[in-house]
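Below is one structure, written out as structure tokens, with a few remarks after it.
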């Protein structure tokens, strides 16, 4: 039971650090999801635009960022990004190092990856909107922008919620890879605690449980949002076969 | 760019591709089988079975694969019961453990994906089947499964690609696949970018092939949704 | 550039070289030594933790100025970064389960000295006979890995682990028969294995392990390297390194000149 | 063999939550009977058909199909069929054409039609195909047999659904608004098919809004209202003098519109 | 003000790929005209309505709405409207009730009805709500105003779609089978609403399979066949002696069925 003391909050307990790390994971993932939402919307727009050049560009984005291991993308942005920023600084006469902070680099990397998944989610949601409803909007004289704002947006958001829940789950786990940037998120803190105390199982299980807590909280939020958004849908459409 | 270095790196990494492919195909296969079991428990209507399935999905979807793999490989051996059981000769093998934990993890995801496919089957088509006297396995085999699989396919291709990338973690349990070899090369040469670039190209090509294959499968399974081959009669 | 400030990185999870305390502060042999070295070099140092995997690229990208993380001075590393003179040099040895038939192999308790590429050492040949057909676990991409491949690759199965800790767990689980690593590291690892593991065979020292562990700096920062080398020289000379080493390792790891 | 009772329903009740949709309906159909089921939207017509082939389980009442009694068990306030096997068997003797067709979207029209005969009745494939093609010919969509449901117009889908049900050679056919998606010309065609079936002695229960069918094809009209049989009788009686005020109001538009 | 031409269509043509669906259709509608558009399934009735409000762009032909000519540009073989602004404006003067209703699923019935008046016509919200409630009352679904479309029966959705179109106070209404989902009683009700609109002088173009509507409510019947107007005329003429053989065959079931 001495080992359990290690999880407590006293001077020898890792509880406080683990909680902080959990919050850090939450913050990184939430930031990444927001970045990904913007990128995803733009890429989905490009893929749906019908302009062959934009479509190709969108396809390259989603293929590359879904097809290349996440760790590599994080490396590219963390190190590649720093070199880029530093050389820009040099060009502008600043001597010395200008780096992307770990948090920014990590959130950006996970956000770019998450953007490739969100693009597909948004695209799927758009395609699921009934064509008839769009025509009905045209038929009363709504112009493009109004149609987008009044009819398309609200429905895309509703239809995208389950998909976004999955993307959140993916990003949550991708955020574990940001530990290579030294950011004290949950995975790294579990590893550091394990390495410092040599209690590998204790801290990996504790870390796993904290991830599960995050999952169950976010599941609850997404389920609630889905229920709310689906109040306009028939109950029977959600029953199982 | 140092092309001789890139070329020799590529050769080294390509030698690890078979390991990656074995990990990938075995875990997709066993994960898929397990997912079928779990999803049938999940939709069985039996509260105990469905509860077990829910718990399984929650745990394996909700925690990082890295932790799962660590616990399966290093954790199971801590128990004398397992170490002295008939299972140990299998569990001793790193490859078995790697495939086991990959399959356990993907089964959780895949079960959810299949369930989504099942939910998307129109209840009306099921009723039509019941109304001619179909039930049980016949109903599943002839109506439910084909329609559900078609619905689940896009999400399933994404999961397969994720799985290909997940095999990268197997070096944790001493199975040296492409990413592991790349990392080892990096700690020998410290040329991070070049080595990872080669690895990225390999994964990109593998995943591109997989996605094209899945798109082809999807296309051939969606004849009933495409525009009719012959012009519609007026 | 005049170095009045520098950032030193270490993993913070490689006890007892460096570790993180439950309150988040860094402790261990290296953080304490770093404090001494910085004082002597008159540099105001900041310690930051970072991941072992990205450490050398991050140094070259400029994220920090010095690596102090039990970093062995090797030829490969010298191609990409520069090193100070070593502040530690450790012996290496085999470990096995206490109840294993391989325990107390020939030469246990003795120390032998080896040079790079040396063959025909009789103690090693004795071990080769004893370890035939066994599985040896090593940490990938280390000097110890190269040694095991060179000397035992033809008679034993070799399994590479990403970290030493993973290998230790498998040694306890019985998946492998032997491990080979830094003896100081092992001595500490045995404590948490509740006495299930122990050394077997002789301790191996000498230039075969390179010069020892030094601070890593960017190649351009020769002035910084020299300042720290000076500080290390003085800390070795007055016994500071030895004292810290006894405190954390219970043995002296200062390099023997 | 007229006079054989093919379908017999006694006092069927069904509630959804607190809403009692069927409040005790009885009905008998003999060989060759064609019964029109009329009633306002929401009066429970579809629910009644669904209870007969047990897509819904009635809360109370008895059903006999071709003399076979459907066994039910009642356990803590809920009923369910005693044997899934019996249910499957009885369903294979009851043809159902759904209000919304419910064709299987992943199969061509021909595959839809042969599915039941091959896999439920386990008959030889070649025979099933030959018969299916004859049936598709009969309902006039033989040229569409290799098309998927999504590529057919509503009227064509409806006829495919009829062919699918007939391919099972049921003893009794249940039709739920079989002409709702059709233009007058096609309505005429489908009604011709149904009239032919009636002449071959098929027993049919037809939910319809098509008064001309009720009047000219069926030999009995049942008017449902709020979960009860409000009135029933021979079409001639119902559509002329003998109608109740409620039925008169229901057909008001039809009666006066022309 | 009878005599004002509200809608004028000249020689409209439309092809899908190689299939020419409309092959030159012309039509005029004056104030208060109620024109029934009849024709077999697939004869191009829906397509014709969709061309009028430019949901499809006709390959050829001219359209005037309330005297305003819709300008088209023809560029390398394809036509498109010259000004999207004019299209939006003209659409807001044309009401459309779709065959499949197309209610906005994420809005309640009331929100569906007030959406256009508030956001397209930019009228005060309070006025729009008051008028919407009156309209919903008129079509008999005021009690459902806070329900979402998916929770309504087909007949209720159809009436909501009519209310939504009327709320825009269009000069011309285009109806695509406005009674297809209704039982005879509701058909009667909806037809009453349309008759009232006709009496208020609304110009209407109605695709229908409801012969009694064509005969009793409309003042002109246009029969389409294979993308052409096969015949047209006053209902009395069309339904009695003056019909062409094709039209007689089309209404055959209706003519003889009773």
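Descriptive notes on the structure:
We call the chains A, B, C, D and E, going by the order they appear; numbering starts again at 1 in every chain.
Going forward, a contact is a pair of C-beta atoms (placed from the backbone, for glycine too) under 8 Å apart; a residue touches a chain by one contact, two chains touch by 3 or more.
Treat the numbers as computed from the prediction; the structure is a model and nothing was measured.
Least step count on the touch graph, subunit C to subunit E: 2. When the partners of subunit C are compared with those of subunit D, the chains appearing in both lists are B. The chain with its Cα centroid farthest from the Cα centroid of subunit D is C. Each chain gets a centre from the mean of its Cα atoms; for subunit B and subunit E, those two points are 52 Å apart.
Taking each chain's centre as the average of its CA atoms, subunit A and subunit B sit 21 Å apart.
Between subunit D and subunit E the centroid-to-centroid distance comes to 33 Å (mean Cα coordinates, whole Å).
Once the centre of each chain is set as its mean CA position, subunit B and subunit C turn out to be 39 Å apart.
Shared contact sites, meaning residues of subunit D that touch two or more other chains, are absent. Looking at subunit A, one finds that residues 75, 79, 200 touch two or more other chains.
The set of subunit C residues touching two or more other chains comprises 53-54, 57, 169. On the side of subunit A, the complex with subunit E involves touching residues 130, 132-133, 135-144, 146, 150-151, 154-155, 158, 231-234, 237.
Against subunit D, the residues of subunit E that register as touching in their complex are 39-42, 153-155, 180-188, 191, 209, 211-212, 215-216, 249-254, 257-258. Of all residues in subunit D, only 53, 55, 84, 87-92, 94-96, 98, 100, 102-108, 115-116, 119-120, 143, 147-151, 164-165, 168 touch subunit B in the complex they form. Subunit C makes touch with subunit B in their complex at residues 53-54, 56-57, 76-77, 79-81, 140-141, 159-162, 166, 169-170, 172-175. Residue ranges of subunit A in contact with subunit C, taken from their complex: 6, 10-14, 16-17, 75, 78-79, 82-83, 86, 96-97, 99, 179-182, 184, 188, 191-200.
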